[in-house]
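Look for subunit A in each of the two complexes below; its partner is subunit B in the first and subunit C in the second.
Now for the complex of A and B:
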């Protein structure tokens, strides 16, 4: 096919100088961008800066545990008891369902949306690297989870101070509680973010995170009951090995064994020193493995 | 029913690797029941626990949630629903087709494994396996309809559905008796109770209440979803 004959008159236009200038101000660099991404992700986890609808669930999941903590404190003060009815490290496990719903709902908010809207390449056109992106998202999710689990612990601690309870005991257990919350936050966040990073569909991510956590917990419970079930005292039993199946039971039993908590209630605990080491290794593998997998997933983008 | 819509829905639901992911549900159920079969514990309690708590109480709602919202809300999410809505098809036909796909998928991936798990653990004694399968069938249908409605009504369908299935049915239902009257899981259980041998399954809701409620909820959810889809407006994600 031949081109149509060139019949136009030659262009007479000129290029005007519109005064374009390169940016000469300070460049804030990679760490600043990473920090901004962290702050924005943490805000997104609570729906801050977004519509009212997306604030409802995270704020509810933040308010309910605090409300329960307030009730526990009020009951303790009314009864003039010298101890709170729930120990600090047990608190995150009691409210595990709320924490899990928070994780399931918000982990996909942090990752899936960027995947779905194809905005991930835009991040990487900035100075931040893929590693920085994953690091900022992990830090934001863990911090968000820490706020959800830490806020009621702080309320409990302040309440016990107001009630004039033993300072040393409460401070010690409050710190153990914070360590427990951090372990939960790390394990839950790694699982949640790993699943969220693998699917651009938010709904699918929410359901799979919740499914993995709840179903593993129920299976662990059934296996636990099948192989002997609960038992009192310090003695360890083979049934406690069931805790390796469920992330929440894993952390709970590990903390119970390491800090010798809940010895009277027959709660699940890591079987002996060897068990504690195995559980610690599993926790480390879950966290490091998920981080590595998520990191690797973003290398391809 | 519209065959093309059904075909597209099935492809969206089970295409690529998603169908394999859904297979996790039956795999988990069958693995645990083989494990349970070889244990020395009381088989009846075990069967009620695994079929009731794990299958009917957790796997059926979660599968119903993934499938029920998956058939419509992914299309709403990525906006491709407009191409379907622009076709000269009555909206209620779209809803019923998608519901049929969701129901059949839930049956295949939850009710059939429940039957197999029941047979593995407890055999055909007390018609326990049949009873729980029936419960999974009807509960799966009702869950699919309700979660399909949620998928049409809200962008946060999965979270809302989880809140209903886990917080309301499991958590609140354990403490508050009245909450069980409004629980699809309990309706399924009461139907199972009427089929199984006397005294083998506990249910709090009477069959005379459960069956009309099941039918009413399923039909109402479908009708309401059709009405909602008929006046559907696309809204941007927050």
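Now for the complex of A and C:
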């Protein structure tokens, strides 16, 4: 490519057929390919590398939580309050609907699209294995969700610094907030990808994911209200068991119990230490079970 | 490397069906046609060669690598073009092929450069920046070929690359496949159930049926067994009652030549030696007929298979269910048996 300057001819605008050139450079193999797939899938989750239309929804779902966080920060600074009006771990729960919409819209982008377009065999005819494919897609989905939920947390944290609030308290709760977001991301991604992997039809995937999350939430809410509803303080109530029905309530109540948060509000909490253990097991089963099922589904292709 | 693909007693059994049965075949560098009807085991063989499905029994090597244990290494050096559509419609060809190059292990910069090169070689220019949803079938096939070639493999497996193409697109694709070997130096295994197009493209043909090897030999040996002369004559200008074809056939047969009808008005004559041409010319002239066609023809690969298939299998089926399709298919066979 790099010709010595003296031999360079003036640009005549003619395209010369230089013939076929063999590739003698490095072939970076499986782990590089898996990483590339991860990056490509993460980009695809935000519509990058795809049409402009497909960027609208994910970018909106990313922008709205950040906007809410900015408002919270601005309000805190204006009122010179010593605490943000929203605690970090509760922020993902408050934004649950936006996060769910993001998941429902983008999980099928990662899996159903490849199934529908029959692109999957192209991947498996390359060095990566089926396990690598599933791993990269899971990692990409979890990361995409972490960005959606993590970005506003970062804004809140930086805002609290700006407002000169207590560093220790904010840092601690910011970290708990990140852990909460990670749990949400893992549970949501597992459910979303499991559904997306089962259908090549994107619209069906979107509707099913949204349906599962919203309906389970509604049922859990009804059961919760019927069996006693919200209650303050440390009292353990049977109504808290309703959270096992809904993935979002499951994570929320687990975090609230483990980190003894939101003790004064009517928020759901896992019923006692035993409840926390049961909830933890359920979270683990949802994540591991979904991963296993998706992995098994791709073994047959 | 003297052999590109080598299998020994390769067998693949599914619970209900045996897809490959004791397949032993050796393929040298070049363009190799894998021929078989639908369900003959072509796709299964490709899957096993890529190391994606384990063989029930037998062993195999691709580029000297063992298919059972060195699948990832094989897939790094082999390109695969699937039969079905596999292109996301909302992505441009460039974007897609770059991604596939990286999936094959090429660093980002090399992937971009090779993508530009490869798309140019398969004949995609300005349109490569547009989403692939708007491409014609021919363009899509080119992109599919490009993604199989982008990492400069040593061997490409092309599954039905001419599917859905019009005659011109088909010729272009076949010429391109030929170039993949002659210009790019990449060996090709191309599957098809259409024999006609392979004899022009392939150096070697492997024929499988029901998972078993029917034949593996050079294309030349399929087609050069005997030279044929196609002869077509006009009707007699005055004597309209004379069956010109029958008359010519009778005379030529009397002269000791083997003659059989091809299509409606064409006779195929086995060429014995140079004298055959003179005999045909003189015969036609003696009868006072016009000679419309006198051309040298090679045996077509397809004829070898129609000869191998027992005609009795097809004729009763056509009689029992005289649909248009069956009649069209068996028309030629019926002629042969009638003569």
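Heads up, the rule we're going with is that the second predicted complex is superposed on the first by the 277 of 301 C-alpha atoms of A that agree within 3 Å, B and C clash if a C-alpha of one lies under 4 Å from a C-alpha of the other, contacts with A are read in each partner's own complex, and residues count from 1 in each chain.
In the analysis below, a contact is a pair of C-beta atoms (placed from the backbone, for glycine too) under 8 Å apart; a residue touches a chain by one contact, two chains touch by 3 or more.
Being a predicted model, the structure only gives us computed values, none of them experimental.
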* May I ask you to decide whether A:29 touches subunit B, subunit C, both, or neither, giving the answer as first, second, both or neither? => second
* Asked: A:259 contacts which: subunit B (first), subunit C (second), both, neither?
  -> neither
* Quick one: classify A:226 as touching subunit B (first), subunit C (second), both or neither. => first
* To do: Check the residue A:211 against both partner chains and state whether it touches subunit B (first), subunit C (second), both, or neither.
  => first
* To do: Go through the superposed model and pick first if A:123 touches only subunit B, second if only subunit C, both, or neither.
  => second
* Using the touch definition from the top, say if A:201 reaches subunit B (first), subunit C (second), both or neither. => first
* Examine A:54 and indicate which partner it touches, taking first as subunit B and second as subunit C; both and neither are also allowed. => both
* Structure fact -> Going through subunit A, the residues touched by subunit B and also by subunit C turn out to be 50-51, 54, 113
* **subunit C to subunit A touching residues, read off their complex** => 50, 52, 72-73, 75-76, 78-80, 82, 84-91, 95, 99-100, 102-107, 110, 114, 117, 121, 131, 147, 151-152, 183-185
* Asked: So in the complex, which bits of subunit B are touching subunit A?
  -> 18, 21, 28, 32, 35-36, 39, 41, 46, 49-50, 53-54, 57-59, 62, 65-66, 69-70, 73-74, 77-78, 155-159, 162-163, 166-167, 171, 237-238
* Structure fact -> Listed in rising order, subunit A residues that touch subunit B in their complex are 50-51, 53-54, 57, 97, 101, 104-105, 113, 116, 201-204, 206-208, 210-211, 214-215, 218-219, 222-223, 225-227
* To do: Give every residue of subunit A touching subunit C within the complex, in rising order.
  => 19-23, 25-30, 32-33, 36-37, 40, 49-51, 54, 113-114, 117-119, 121-129
